[in-house]
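Next come two complexes, and both contain chain A; in the first it sits with chain B, in the second with chain C.
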Partner chain A sequence: MKLLTVNFLTCAIKACKGSPAAFPLHFRDVELELQDVDFQPEFIRNIITRVDWEGLNKMANELNFPNIPEMKPEGEALENDQLLKDLHRFLLETQVAEGKLICGNCGHEYMIKEGIANFLLPSHLV
Partner chain B sequence: MLPTPDTSHVSFDTIYEPSEDSYLFLDALSSASESAWLKSRFAAPSASPLLLEVGCGSGVVLGFVTANSELIFGRRDVLALATDVNRDACVATQKTIQKAVVERQVESQDIESPEGTPAKKPTSVALSAVTGNLTSPLRPGTIDILLFNPPYVPTEESPEIPSSSTSTSTQGDSANLSRTAKFERDSYYLSLTYAGGRDGMETTDKLLDAIPEVLDPNRGVAYVLLCAQNRPEEVKGRIREWGGGWKAETVGNSGVQAGWEKLVIVRIWRD
Partner chain C sequence: MSRPEDILPPDLFYDDNESRKYTTSSRIRNIQADMTHRALELLDLKSPSLILDLGCGSGLSGEILSQESPEQGGPHTWIGMDISPSMLDIALQRGTEGDLFLADIGQGVPFRPGTFDAAISISAIQWLCNAETSDVSPEGRLRRFFEGLYASLRRGGRAVCQFYPKNDAQRTMISGAAIKAGFGAGILEDDPGTKNSKLYLVLTVGGGGLQGDITGVVDGMNDVDVLDARRKAMERNHGSTSRKGDKAWIMRKKEQMTKKGKVVKANSKYTGRKRRPAF
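And then the complex of A and B:
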């Protein structure tokens, strides 16, 4: 599971959907891996356009990932090759192999095993 | 004809084997008219499109669309996501996409530069396959292109969705299951791939209900496959009654049998 995935996920429990605390989900006990992906500067720029930067920034801080700017890069910053490469590594090359994603609203834990997160709910919550 | 992704690594004990409906999806999305429509809707420069296949199964549809994103969307920066209630299908899909993308890269190398060994052409990327029910793990308003080949066969009952505990207790250790237990488990997971309950629409109706929330409000579009027993004309009529400018049109069909189109692909969007 690439880290960028988390920018598009939220808690699967209906009551959490509208809650600001349900995004981003928080990582715990993660094992990360790197996997080579071809670097396309244009791809990274087109990803920057669409991500929720606040959510991304929180995730970077929780994972202690360096060099991710606090504010969404704009204008000249989008021509900064090193920044685009850092983001490429962070968003597309970093994979979560094991760990948990936790909802900040209800506390529910979603397990990640061998790179696949399980968002099925226990039967009493369906 | 674009090549169909290789699914030889997939065990079809619990996963739907690519069939006529899967191939109809490939044909409809790569047809000249539909890819022209998609290219104009997702013309660059714009944000990377986020593509989601719900109930990805073997991954044959998502692998095809991701590997051929340049022909279908006119861009190589599509982000692909998948959900399926069967964890094994998620594992299979990740592999299918990866193989399809590499195969496509090798092919385009052969065609475009017969001499030398140029750098591989960069491609669209698969983000993840997530075990989950329909679109439940997704943030509202995020999906640009949603694909769904549903369990559409009318059945007396539609099977219950696995819970987090059934999925961990029944999967991954099939070697330890008795023959009967394995048969029961496999039949259950296969039933999830086809059994649609009343009119074959019970699961599709749930997905349709989620579409206005999960799609990107400006450019989101969904493709849903229906069979004749689902009564596609009535389904399209209901979508048009959502209000807010929602449209539904048939953009692909499997040919006419006794005056009926057996399978159709419906495009659902807003202008």
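And then the complex of A and C:
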């Protein structure tokens, strides 16, 4: 699962809707892997406006990735090819293979196995 | 013909064997590819986008999204959700490019508001009309699904869901649930009246470049007739000026009763005529 996807995920449980602690989900025992993805500068420019930068910084801290800019790059900064390549490597090519995602509000654990996250909920939590 | 929806819940119906058959059948692959291309045409995406694939199965529709050529606005990045572990297993073996989630779309869509540019769903949402346990209802599942989908799309985003309703009741139930969630909705039918007829529920979230109502989606497409049920309903309301008790009303009632086989007085020039005021 791409780190970009994790930046968009929230807890699926009804009680966590709208709670600020439900985003971002926290990592535990994760194994990361690198997978080649075609570099598409246009896609990154399109998606970067929707990325939650605070959540991304928290995530980078948890995973010990050092070179994420403090502020969201905007305007002319997005013409910088090296920056886009770095973002591409971090958001799209770095993928979670195994591990758990944990909601900061209710503590529910979502298992990730072979890159597939299990978001099925028991019916009493829906 | 038997419908898989009537046999078992989706996570059990698509077991290892059934998922393999589904993914390797060239007939199904062709149909799925055609429908995905049609859906992409309706989505009208101009640049590489983030797409949610609901009921992605083994990634048959997803691989078309990742293969879309740059001239057509692709290739797109997609995230897929499906309830069948066997289907996802095959998607994994086939090495699809999208991220996969084992999730029940009837439980909602667990993404931040405004995440996706578009959503696509091929032959999946009719499964929501079945409730497998007594603590959920089809209406509740449809409501949660469409509300979650509405929130997760960005302003001006679109969703196209191809589905196979069992009957007209299911068709209205699904489109009604979408409208209630806030979507602008319309149904596009390909090859109507034939065995190959395909229904696409086209949904729009307001605030985008689309001017006017949902019919704007098919503007400029060849061979599409627009049937506006709303206009017909308006005309019907306007046309019938007959009030209870007047001549037209009486004639209609008499006709109804005759059809029921009741004894009805013959019509004459006095039928439904105004009585003179009594002094």
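Here is the rule we use: the second predicted complex is superposed on the first by the 122 of 126 C-alpha atoms of A that agree within 3 Å, B and C clash if a C-alpha of one lies under 4 Å from a C-alpha of the other, contacts with A are read in each partner's own complex, and residues count from 1 in each chain.
FYI, contacts are C-beta pairs under 8 Å (C-beta built on N, C-alpha and C of every residue); 3 or more make two chains touch, one makes a residue touch a chain.
All figures in this text were calculated on a predicted structure; none of them were measured in a lab.
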item: Clash or fit, chain B versus chain C on superposed chain A; value: clash
item: Which superposed partner A:A12 touches (first chain B, second chain C, both, neither); value: both
item: Which superposed partner A:N46 touches (first chain B, second chain C, both, neither); value: both
item: Which superposed partner A:K2 touches (first chain B, second chain C, both, neither); value: both
item: Residues of chain A contacting chain B in one complex and chain C in the other; value: 1-2, 4-5, 8-10, 12, 23, 37-38, 40, 42-43, 46-47, 50, 92, 114-121, 123, 126
item: Residues of chain A that touch chain C when the two form their complex; value: 1-2, 4-5, 8-12, 14, 23, 37-38, 40, 42-43, 46-47, 50, 52, 92, 114-121, 123, 126
item: Touching residues on chain A, where the partner in the complex is chain B; value: 1-2, 4-5, 7-10, 12, 17, 23, 37-40, 42-43, 46-47, 49-50, 92, 110, 114-123, 126
item: Of all residues in chain B, those that touch chain A in their complex; value: 44-48, 50, 76-77, 79, 81, 83, 85, 87, 90-91, 94, 120, 122-123, 125, 127-133, 136-140, 142, 161-165, 167-168
item: Chain A-facing residues of chain C, complex; value: 47-50, 75, 77, 79, 81, 83, 88, 92, 97, 99-104, 107-108, 110-112, 114-115, 117, 133, 135-136, 144, 154
